[in-house]
Amino acid sequence: MDWSTEFVEGLAVADPVLQLNDLHKNFGGLVVTDGVTLDIGFGELHAVIGPNGAGKTTLINQISGLLAPTAGTINFRGTDVTDLPADKRAKLGLARSFQITSVLPRFSALENVALAVQARNQTSYRFFGRADHEQPVNDAANAALAEVGLADRGQTLAAHLSHGEKRSLELAIAIAMEPKLLLLDEPMAGTGHEESARLVSVLKRLKGRFSMLLVEHDMTAVFALADRISVLTYGRILASGTPDAVRADPRVIAAYLGEEME
Amino acid sequence: MSTGLVVVQILNGLQFGVLLFLIAAGLTLVFGVMDFINLAHGVQYMLGAYLAVAFYALTSNFFIALLLALAAALVFGLLLEFLVFRHLYDRDHLEQVIATFGIIIFLNQAVKTVWGAAPLTLPIPEIFSGSIILMPGLLYPIWRLVIIASGLAIGLLLYVLVGHTRVGMLVRAGATNARMVSALGVDIRRLFMIVFGFGTMLAAFAGAMIAPILSVEPGMGDTVLILAFVVIVIGGIGSMRGAFLAALLIGLVDTLGRSFAIDILRLVMPPSPARTVGPAIASMLIYVLMALVLYFRPSGLFPARGR
Amino acid sequence: MHKKLALIGAIMGLSATAAGAQDKVKVGVIATLSGPPAVLGQQLRNGFQLAVKNLGGKVGGREVEVVVEDDELKPDVAVNKAKALVDRTKVDFVVGPIFSNMLIAIMKPVTDAGVILISPNAGTSNFAGKECNPNFFVTSYQNDQNHEVMGKYAQDAAMKKVFLMAPNYQAGKDAIAGFKRYFKGEIADEVYVPLGQLDYSAELTKIAAASPDGIFVFLPGGMGVNFVKQFRQAGLADKIKFLSAFTVDESTLPAQKEAALGFFGGANWAPNLDNPQNKKFVAEYEKEYNAVPATYAFQAYDAALLIDGALKLTKGNTSDKDALRAALMKANFTSLRGPFKFNTNHYPIQDFYQVKVAQRADGKFETQIDKKVFAGYSDPYAKDCPMK
Amino acid sequence: MTQTLAASSVLPSQQTDRANALPVAIFLILALVPFGAAFGPESYVLGLFTRVMVFAVAALALDFICGYGGLVSFGHAAFVGIGAYAVGIIGAHGVTEMLVSLPVALLAGAIFAYLTGTVCLRTKSVYFIMITLAFGQMAYFIAGSLAPYGGDDGLTVRLRSTLLGFPILQNDRTFYYFVLLSLLVVYFAFRTIVYSRFGRVLRGARENATRMATLGFDVFSFQRVGYVIAGAVGGLSGFLLANATEFVSPAYMSWQRSGELIIMILLGGLGTLHGAIVGAAAYLLIEETLGGITEQWKLIFGPLLVLIVLFARGGLLGLVDRIRGRPGRG
């Protein structure tokens, strides 16, 4: 059943996974995030679009804990995580992918994913026993690899994967964390047409299993996937709503979309 | 601790500081622009001193010897750059460390083989010899004042060069993002050679200027090298302003620490242990300072690079 | 550079291999030959080799092989090299080192192995007193003594106020203690500087401010070169009498030159000491190495003579250690310093002089005997030594 | 800079059996040295190789933290010195029992690593190198001011450590095997750790600390634990060094010594563990041999280091690989 839709009937979200409340971020005099308030509902796929320099990656970095906001709060699953470091947020169920591929180059694809599995449910303060021989971990990691179509590439060093495969690996790592919320920072960046289409289908399959915040430039992908879309310009939310509503919003058309849409 | 004593110690600290600055300036440029750790920078300082002594023996004129030493040091530095260093720029920091360490070992032994192990000296140029009276009973050697003045002048020169010339602009840009500079179509090789040659000459200048005060001996660059690294790390790598301020800070802290550590300790403990512990604490002071700075500012006081 | 000389003993030995390698007496010389203090180690090595050469490559009638090792001024390296000499080269004697801390490091591995250790420079108080060792002989002095000479001199000259400075390590503290043993006037201040300090601007300011009658410093090697120059540059040399030990000597004077003129030191010897064997030694040393010898060279020269004299008594026998020790104890040689004999702790009983830096007619600088301060002087620690 | 580390971090598991033969060969040779030494200057050869192994223990710890953790410590000698001083100071009070001094040496190294690591690990790359140097220098100056324990002169260890009162290390050959055993234990411990979950996290943090944080790893804490392990093993090396030289000195903690340790692991090949042993042996044996040939050996040794960097990436082991025609490591 398509149970994700029932949460997006209304614009107000009942029981949000993530709440950004009047978030601000300045770099010196430069305002990069300027009062962002945003909710992501359980199971929702929420896309954030906007021109280059609108502050999308900065926003993701604040949510994942790599940057501290100047003001405002971040609430994740009912907890105020504004001051928590990235690793604590990850432990609470927040996963992210990186715009610039950020897999561990000298680890095999399998080990990249296995680390995510290891982080999720076991202590890592174990100094003996071969980590790469732990079957349950490897099984879970292989499953995640299979999900993104990398089932037969597990033993390849990440550095030797093609660009598209690395993008898929990013996704597999995020999936393996079994997060409550997945932050995807331009997962299709730099991939070809075919590869994009494949990633879209993977994301479609994942939709509903995790809540997702998707930052993406590929409009075809965004409108094919998103339950709701927020448009970010100059660090502010210009408009927020269902794809149809956003598509029709004159401010959005004026400011950003215009001829790019259809 | 009379005020006169404190004034003189501050001058001493300044003199040590500008000396460190002259060495650290080249180091931070080379490090900042080329991302190259050059441990052999200290031996270039040593070489400057040895060359000045050698040319003085030939010419009997300090200033001619100084100029010749600078020229020779430049030639030698560029030769090293051509033979070894340029093959290391795209290498890992650790590989740069081991290779330039090898050059230190070689050159320390080489100067010993050429000039002997005994310390050498250089007389102070006649017109700058002697002392001036700062206040009744307190003399200060003119040559140290000359060092302070020339160091400050070079600091000013660097400020103008780095702040207001095209090469300076590239240097600043390079310290922030070297890739961008080469993307701009600048001949990065040539920029590196200019920066490197300039850094070498500054170090050699420092060596030649200090030769009349300190003995010229093998290995004299090693301790200075470590201190210069302390300076550029406290200042923030690639930052000329940071190097300048950190050098003066280190110079002052070290000198004042050595002068007054025991006196201060005597206030809280008997004289005998104070005399033993004092020098240890004084020697440690700059490292404590560095640890503190890095604890609160993990990229130094004036971080230049965005990475 | 004088490597070939290092081999002279060996080559002479080789030329007589018919007698078999076992017949050679092996002597290991261990000295600091790298880093700034290398010049002291070179003096030691040169002095010893000159003696071996003059003895015709023989000691006590036996061919001698000299193996030189560099302790690099690192104690663990020194221990390693000492063990190499004892176990690999199987030396009969180890001569060295320059520095007290190296001596402390190599004492155990050398003497425990039953090898005779002869120090041509370092003579710490512990090995003179309670920890004196039957296998350890000193041809130099007990470390305190040169300082005591200066203390006595300051006392006799009725100086009122003296400023003291030394490096912050045991020998530095011994130096100050030695000086104070004889000087009873006012101490303006006692300053300990880090070992290896080169810039004395801070201390000079203090000295100027204290305006003492005299200053006593123990700043060996490069430290002394720098201090003397800076002391002169600060304009203090004309106002404050400069007393020192191991600070102005022939190893540092080539660098100090005029800056040290008229400065005083305490010593057991000087190049101009008037006796025929010394005149010959100095002339030969200068000819061979183009430098004026310092105490390090003469004491190493004496060490070779000591070995030669002892082996003459044992008829070349080095395996009977008791006989060898007894023979060494007799000090059967004519020291370059003149009267010389061993105390019960195997440290010398000798004369001490106050020496003064002067320029010779040929333009070179050297220390010259100014006045005899102690005659037949022994160190105060010998009474604690259990050896009789 | 972590990304560009030229050295290999290929895990032992990913190596061929032939590569695994190397550590076996190393330990076999080390085990046989005393038998060969019996025909020559025994005590000297034993002493030399004991020294090699003592430094190999320290180098292994450095390789662990630097080659696998990406943390280039320029103050590693401080741990060695602290371990040595533990033996020296305890010995000066008449206690030679290794059941006392060994745990104290390990613990002292670990505590120093914990305290300084807490500060140092806030910084990255060159700043980390320099701040570790700062703490190393502090330890050096503190040791030099320990007047009751010899100050700058150092102090003699009168008696090698005893076990339950028995002077088992007194015999050079027994001592040699004791050090060899220590090296073996340390080597296999590190091999186990780098394979383990913990090791995987440490290696991951070297590759990309940010990524590891977003996976949920508290990178700082993991690195600190790694640093503490390296510190404790450094302390062990110091325990052995004090017993080997029967002497303790601040010089053991000098920055030059830390530099030598870095050279050793680079010489052998970073991030290989057995490379640390090869590097320590190569460095000390080259020093010993060249030093025996000419007093000017540094004129040869210096350029040798330059040539190794220019033409033998990945250290001596990398060179061996290249000669065998295998693809380069890393």
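All chains are identified by letter, namely A, B, C and D, in their written order; residue positions are counted from 1 within each chain.
Convention: a contact is a pair of C-beta atoms (placed from the backbone, for glycine too) under 8 Å apart; a residue touches a chain by one contact, two chains touch by 3 or more.
Keep in mind it's a predicted model, so treat the numbers as computed, not measured.
Where touching is counted per the definition, the chains common to chain B and chain D are C. Counted as hops between touching chains, the shortest connection from chain B to chain C is 1. With respect to chain A, maximal separation of chain centres occurs for C (centres as means of Cα atoms). In whole angstrom, the spacing between the mean C-alpha positions of chain A and chain B is 49. Centre-to-centre separation of chain A and chain D, using mean CA positions: 43 Å.
Between chain C and chain D, the centres computed from C-alpha atoms are 37 Å apart. A separation of 75 Å divides the Cα centre of chain A from that of chain C. With touch defined as above, residues shared between interfaces to two or more other chains in chain C number as follows: 33-34, 168.
The residues of chain D that reach two or more other chains are 144-145, 151, 296, 298, listed in rising order. Taken residue by residue, chain B touches two or more other chains at 109, 113, 276, 279-280, 283, whereas all remaining positions touch fewer.
Chains touching one another, given as pairs, are A-D, B-C, B-D, C-D.
Within the complex formed with chain D, the residues of chain B that make contact are 31, 37, 84, 87-88, 91-95, 97-99, 101-110, 113, 222, 226, 229-230, 233, 237, 276-277, 279-281, 283-284, 287-288, 290-291, 294-295, 298-300. By the touch rule above, chain D contacts chain B in their complex via residues 1, 4-7, 72, 119, 122-127, 130-131, 133-135, 137-138, 141-142, 144-145, 147, 151, 255-256, 259, 262-263, 266-267, 270, 296, 298-299, 301-306, 308-310, 313.
By the touch criterion stated above, chain D contacts chain A in their complex at residues 3, 9-10, 13, 192-193, 195-201, 203-204, 207-208, 210-219, 222, 225, 330. Chain A meets chain D in the complex at residues 64-66, 85-88, 90-91, 95-96, 98, 102-107, 111, 114-116, 118-120, 122-132, 134, 173, 177.
By the touch rule above, chain C contacts chain B in their complex via residues 1, 33-36, 38-39, 41-42, 168, 190-194, 196, 198-199, 201-203, 205-206, 208-209, 211, 221-222, 225-226, 229-230, 233-236, 251-252, 254-257, 291.
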